[in-house]
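Letters A, B and C mark the chains in the order given here, with residues in each chain numbered from 1 onward.
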Amino acid sequence: MNSLSKRRTLPGFTPTLTATLLWLAILVLIPLATLFWTAAQLDASTFWQVVTSPRAVAAYKLTFGVALLAALANGVGGFLLAWVLVRHPFPGRNVVDAMLDIPFALPTAVAGLAFATLCSANGWLGRGLALLGIHAANNRLAIWVVLTYVSLPFVVRTLQPVIEDLGTEADQAAASLGASRWQTFAWVLAPQLLPALLTGMALAFARAVGEYGSVVFVSGNIPYRTEIIPLVILGHLESYHFAEAASVAVVMLLASFMVNGAINLLARWSRRHA
Amino acid sequence: MTITIESITKRFNGYVAVDRVSLTIPDGKLVALLGPSGSGKTTLLRVIAGLEVPDEGAVSMNGVDVTHTPARLRNIGFVFQHYALFKHMTVFDNIAFPLKVRKRSVEEQRALVNDLLKLVRLEGFGQRYPSQLSGGQRQRVALARALAAKPKVMLLDEPFGALDAKVRQELRQWLRRLHQEMSITSLFVTHDQEEALELADRIVVMNHGRVEQEGTPEDLFEHPKTPFVMSFLGDVNIFHGRVEQGQTVIHHDPAAVAPSVTETKAVRAYARPHELDIDRTPRDERSLPAKVRHVNTAGATVKVELLLRDGHTTVQAYLGRERYQELKLQPGEEVYVVPRQLRIFVDEDDEAPTA
Amino acid sequence: MHSAHTPFWVRYLLLLLALAWVGLWILLPVSTVVYGAFANGWGSYLSALADPESVHAFYLTLIAALWSVAINLVFGLAAAWAIAKYQFRGKTLLLSLIDLPFSVSPVIAGLVFVLLFGGQTLAGTWLAAQHIQILYALPAIVIATVFVTFPFVAREVLPVMEAMGTEEEEAALTLGASGWQTFWLITLPGIKWGLLYGVILCTARAFGEFGAVAVVSGRIAMETNTLSLHVEKLYQEYQSQAAFAVASALLVIALLTLVAKSAVEWRLRRALTEIKHAPESV
């Protein structure tokens, strides 16, 4: 590296890159390596037993299932919001647009508290749902509600620039060729927006899978029923089963990396279509 | 300050930008680095400035090796192609920058900056920002800023490249005068041969990372050593021919190239348009039959476009107005072209001059 | 930008649905917080905020956020400088490693530090021998927060630095400026909006982090309870109005962040277009 830096005339390459790598190693790589190392303390069959225990499996299903439902809900709602914000200006649009960042900015504990209260038996939402015979508190519906909330901005923010770039020329051209509005939408607009929509949904999914803060307020944390993966990990940790906690964490981490890989592929696809 | 460059090589990811260049920039001279884009001239300038470290070779200033001296200690003034003015600073602060980093007193800064603003004729512009200036004004701010540190050498990268023709002309003359007054050793990069010929005391022509030729403008214009220099420094006409018994013969009639003549060398003969004369009758064996295609009488010289008898070689001849008045050429007329001077270069690719 | 052929009723229906969606997911929880905070009037609202535990939690959160922002500021600038200003092999890999913390669930982020410092590893044993307390104390809170906010500054500064190029810095060097002078006088003013934007995002996240901090802090009242953790503690203790009062403080911070973010975002976008469309010939 020294001979390299001698060839660079702008000073600072060696110190900044060294600092970056050192910092990255101390803060990210060594801790993550510790996680894998701790999980490796278990022999293969015990590891398998831990990560496929009925309680863990129930948590995987719940976490990924509800996160998927939240991503789907955001696919619909986010598309609608992005479309209206770009295509149908209305007074106060900027305020609504800025408000969409609230789930990013507002601490998840605050959102958890608010939704826990809203969904409780005498909360504003809970009362309404109770009339329909649905009990929102401490069940999966409440988890879906908070996960949809925390991942709300992703689809909108991914779609907005794409719809802006699209302009109105393509659909006006289609309309001038005699296509009906639905035909225009299905054949001209939807195919161009699909990659960005899927990218946004994947981002929302990734965010929802990892969420912890708001879920603990609303879920009641009942094993097999409303226990998400982070809670299973914490359960092991609180009983000092470090290797077991690390094992489940490794499974979840690998799943997150896979989702991330998929997002990168989607993003590349979406750029190609842009 | 005399700059000596010894066998400098600079590569970028395997691409050789500067290839074993050796050069001396004499003290107090204004020297042009002339070449097409990609010829390595800007890289060489940046090596001299200390903005690039060469892979091989050495740069010395007044005999002191500065190859590994950082740019800030070389005492050079560098003017960037797009000026690189500090956008967030006023004109005053831009020019004061080299003084500020040298911790000069505020009074000294103010006095010198005001002098420089006067020198570049921008009095009263001190409090403007670069975005509020025209291209020519920015260029002059960049010059003033580079001069503020009292450099021993000025390096200018395409100093007029981004300006329109009229401003460029004015700035050239101004720079020429400025150099005469201050006589700082200066080196500027350009791809414009006219600019190099007009401004420079000496010209270094570069091509493919190498120096093709170096010398005074007259030298290069009158005695080019390579076809590249010949054609880069002005308009040329190219005639194909061959050397027979120590004499150059130009044949444009394909039939005249006898297949039996194998030991002769294929050559190209170059003549500038003003070195061609036109006659109605053949003067001697060098006269080439041609047909007048087009005559442009607008301008100081009359430009005549001719087609040689081979049917596809087009030739440009510039005639003085008097000569044109004598001839009264009309398009379509059959005439003879006589090159007063020819520079002969052996065909590098040894391609037989069949066409 | 109107879709000219969209009938009125469709347009209004879409607008209505969109506003309902925003109302349900955003206005409803926000107004619940405000309503809950003042459910028992101003007096109990203020006393909930002035409660020593709340004050301490606020103080702790502020300190932790300041530390993590400062640390990530230095790191982010160094990383952005190395990546934006030079060409070297492995750049893409370095970038994805910097992004890595974003794809780690907060609870796992906390867990890795419990494992690292928790006494089962070399690091943990050594720290225990030196009597250095990291876990269940401020250092662990800061480290966990730095982890979850790791990419923000680098990610926001990087594109601005790349857009700036190196010409102004090179000019400063030829004019006699040292590396530090160049950085302070040329680079920093050029990237200030991107830097500020990254700092705002980093601050917001640092203030609100729950999962990672919950795992490493030990949640000791008056010692390692941050604002977010304090909200949950109050909620678990059925002190609903106090929980909402503390939550409303976080809400105010979040709204201030959003305002600052919008303002800076506007300046940043303008700065970037200025760089991109810098008139090169006039």
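Simple rule for what comes next: contacts are C-beta pairs under 8 Å (C-beta built on N, C-alpha and C of every residue); 3 or more make two chains touch, one makes a residue touch a chain.
What you see is a predicted model; the values in this text were computed from it and never measured.
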## Note on the structure
With centres defined as the mean of Cα atoms, the chain at greatest distance from chain B is chain A
#### Entry: Most central chain, judged by mean C-alpha position against the global CA mean
C
### Task
Could you put a whole-Å number on the gap between the CA centroids of chain A and chain B?
60
### Query
How many angstrom lie between the CA centroids of chain B and chain C, rounded to a whole number?
55
### Task
Can you check how far apart chain A and chain C are, centre to centre, with Cα atoms defining each centre and the answer in Å?
17
#### Entry: Residue numbers of chain C (touch at least two other chains)
170, 173, 178
### Query
Mind pulling the chain B residues that touch 2 or more other chains?
50-51, 70-71
### Sequence positions of chain A contacting 2 or more other chains
8-9, 11
### Task
In the complex, go through chain A and note every residue touching chain B.
6-9, 11
### chain A residues within the chain C interface of the complex
4, 8-13, 15-17, 19-21, 23-24, 27-32, 34-35, 37-38, 77, 80-81, 83-90, 96, 98-118, 123-125, 148-149, 152, 168, 171-172, 175, 181, 206, 209-213, 216-217, 229-230, 233-234, 237, 242, 245-246, 249, 252-253, 256-257, 259-260
### Query
Residues of chain C touching chain A in their complex?
1-6, 11, 14-15, 17-19, 21-22, 25-30, 32-33, 36, 74-75, 78-79, 81-83, 85-86, 88, 94, 97-98, 100-101, 103-108, 111-116, 118, 120-121, 143, 146-147, 150, 166, 169-170, 173, 178-179, 182-183, 204, 207-211, 214-215, 227-229, 231-232, 235, 240, 243-244, 247, 250-251, 254-255, 257-258, 261-262
### Query
Of all residues in chain C, which touch chain B in the complex?
167-168, 170-178, 181, 185-186, 189-190, 274, 278-282
### Query
In their complex, what parts of chain B are in touch with chain C?
49-51, 70-74, 76-78, 80, 82, 84-88, 97-98, 100-102, 131, 133-135, 138, 145-146, 148-149, 162-164
